[in-house]
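Letters A, B, C, D, E and F mark the chains as written, and numbering starts fresh at 1 in each.
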Amino acid sequence: MAAANKKRILYVQRRAPYGTLYAQEALEMLSMGAAFGQRVGIAFLDDGVFQLKAEQTPGALGMKNSGRMVRALELHDLEGIYVEQESLVERNLEPGQLVLAGKVLPRVELSQLMAEQDLVLSF
Amino acid sequence: MKFALLVNEGPYQHQAADSAWHFARSALAKGHGISRVFFYHDGVYNGTRLGVVPQDERHIPERWALLAKEHGVDLVICVAAAQRRGILDAAEGRRHGKDADNLAEGFRIGGLGQLIESGIEADRLLVFGD
Amino acid sequence: MSTLHLINKSPFEKDAFDSCLRHALPGSAVLLIEDGIYGALRGTAPGDCLEQATEQQRYVLVEDLRARGFGPEALVTGVQLVDYDGFVDLAVAHEPVQSWL
Amino acid sequence: MAAANKKRILYVQRRAPYGTLYAQEALEMLSMGAAFGQRVGIAFLDDGVFQLKAEQTPGALGMKNSGRMVRALELHDLEGIYVEQESLVERNLEPGQLVLAGKVLPRVELSQLMAEQDLVLSF
Amino acid sequence: MKFALLVNEGPYQHQAADSAWHFARSALAKGHGISRVFFYHDGVYNGTRLGVVPQDERHIPERWALLAKEHGVDLVICVAAAQRRGILDAAEGRRHGKDADNLAEGFRIGGLGQLIESGIEADRLLVFGD
Amino acid sequence: MSTLHLINKSPFEKDAFDSCLRHALPGSAVLLIEDGIYGALRGTAPGDCLEQATEQQRYVLVEDLRARGFGPEALVTGVQLVDYDGFVDLAVAHEPVQSWL
């Protein structure tokens, strides 16, 4: 498919990990679908930024490490990994505390980015 | 115009499955197409054939199946989400050594790739969830 | 084309309504469905917020509004009622369609 | 069971109807359990007060009328039907718009009432 | 002390079923009793025997069943909530003319009265949900 | 005996945290579990709110805190950590136990 025909697809992650499975299953979908040759990105905003927190240790709960799945995003050929600045600030998280170095964007720029997509996937 | 729908919640507990069905029915009535409805997360529970619903209440899985029968809508249950939650077709049931299966007629088990494919091919993809 | 934002959550219970209004660009459309319709009630804090979002087209799904016991007289000004057919038309006219779950 | 041995049970309804089934299934439980000879009450607060709104007409959605189930509460031998005043005010609802005449309580009194229960059931 | 638990959500999708299980296990380890776990709303999905879970992941229905086997915990699935959602035992399946059933061993179908009963008899009733 | 309030929702996403704190009487206990633990983070609006609720005993479930990548140093002052055994002890010591779902 020619680049001009590629669809821009954005996964929007607004939920915290562990309390629900939404975040994890969205990541599973992204990793399966990333190979479809489209222009795929992922955005973390609101409680979704908690998915990026380093040092997640869910062992005592017997749950899979969601932070490790997030880190694996860097292995995929993604158009971009975006993190909303205001969401980080409201939650007292700093970029240095995150499992990966996404592109931190102010809300106004993330809003623009979301509006430019062909497809927005929410979970 | 060709629509694809993603349903993220099971029947009854959340209104998402109702809203998606009403949207699909209206779109079809207006002459649009629904190429596929993909069921993910708890949405896979829409595909059970074991539901017992009082006569005076809507039967959500059967309502979906009718849409498939009358309009050729492709109803796809995500295999990964379904296995975890105990929704299996006969082949999956056998493959995993289960003594039963519960997928309703009109639905089929498919992979996540089929959602992505829908998203690429359809003119619009709408997500219904909680 | 501009975005159609879908909100199906009560603004009193969840942050989807607030987050959507913070992110919706001028010229985009916002459609309140399911428990989202509570965001359009006159005389409430979320309703005031919606009323002031004059740079967006704002719609309420009438089937969900009626189900919950409300009619157009309960809504803030500037909000248009649509039925499911209108919902389909909005989805045709906008791209992408973004759900705030 | 002697009155002194009866348990005080309160159903707490904090969710709107239709968007989810929680409210309706909670009412089903109450109507089944009301006959157990305990001191059963129900409290509507936060979005739960929307369950009380008169003129619900979910026919076009093919869903059962939740308001009718709420009204049927008056048929049960309940200790009390309580409605939080602040929750009504925040939602611009007036007692006259409700399907039944519950006891409207200010938040501070409802808080006290909840604390006096033996059992609080949330859905 | 005697506890009863109410679980309002299905396995995996929400953490409620996990939290309830961890609470039960800790209470039992400390010498308390768990008289009953009652599954309501989507909680009834905890009782399926058709779930297929990867080896390295927790199997929530089996984990509940083990609690029943080792500690005699009564696992009750609400019949009204279960029928709607397609969780049936063999008798229910036959009664409603279904060709299959899916309730896991260790669970039983019961009425809402059994939750109320638990609440009355137990020293504490804890609710786990979303 | 006094109430044990259970909060399992993120205060940023849902209203359960706020509603619970508005209703919890002096002398009652509040235990944050699951996504509720985000309500105890230092340097956030909900955290400030929890810190000021000095008339209630405030607890955080450590298994849920660690799972989400946080430790005691991230929490506001006045909050005690408990594990599942401590959760059971709190449920024994309080009545009723009220879940804010």
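Note that in this section a residue touches a chain if its C-beta (ideal position, glycine included) is under 8 Å from a C-beta of that chain, and two chains touch if they have at least 3 such contacts.
Quick caveat, the model's predicted, so the values are computed rather than measured.
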Worksheet item: What's the overlap between the neighbours of subunit B and those of subunit D?
Response: C, E
Practice prompt. Name, by label, each chain that touches both members of the pair subunit C and subunit D.
Written response: B, F
Worksheet item: What rotation angle, rounded to the nearest 5 degrees, superposes the C-alpha atoms of subunit C onto those of its identical copy subunit F?
Response: 180
Worksheet item: Taking shared residue numbers divided by all residue numbers at the interface, is the value for subunit B and subunit E over half (same) or under half (different)?
Response: same
Practice prompt. Please work out the Cα centroid separation of subunit D and subunit E, and write it as a whole number of Å.
Written response: 26
Worksheet entry | For subunit A paired with subunit D, centre-to-centre distance based on mean C-alpha positions, whole Å | 40
Item to complete: Would you kindly tell me how far, in whole Å, the mean C-alpha position of subunit F lies from that of subunit A?
Response: 28
Worksheet entry | Interface hub residues of subunit D, defined as touching at least two other chains | 18-22, 46, 61, 63, 119-120, 122-123
Worksheet entry | Multi-chain contact sites of subunit B, meaning residues that touch two or more partners | 8, 12-13, 15, 22, 41, 125, 127, 129-130
Worksheet entry | Sequence positions of subunit C contacting 2 or more other chains | 8, 12-13, 15, 34-35, 63, 95-97, 99, 101
Response to the item:
Chain-chain contacts, ordered by label, are A-B, A-C, A-E, A-F, B-C, B-D, B-E, C-D, C-F, D-E, D-F, E-F
Discussion item. Looking at the complex, which residues from subunit F come into contact with subunit A?
Written reply: 8-10, 12-13, 34-35, 38, 41-45, 47, 63-64, 66-71, 74
Item to complete: Would you mind writing out the residues of subunit A in touch with subunit C in their complex?
Response: 12, 14, 22, 45-46, 107, 110-112, 114-115, 117-120, 122-123
Worksheet item: What part of subunit E is in contact with subunit A in the complex they form?
Response: 12-15, 18, 22, 56-58, 130
Discussion item. Which residues of subunit D touch subunit B once you look at their complex with the stated criterion?
Written reply: 18-22, 61-64
Worksheet, complete the sentence: Seen from subunit C, its contact residues with subunit A in the complex are 2-3, 15-16, 19, 22-25, 28, 95-101
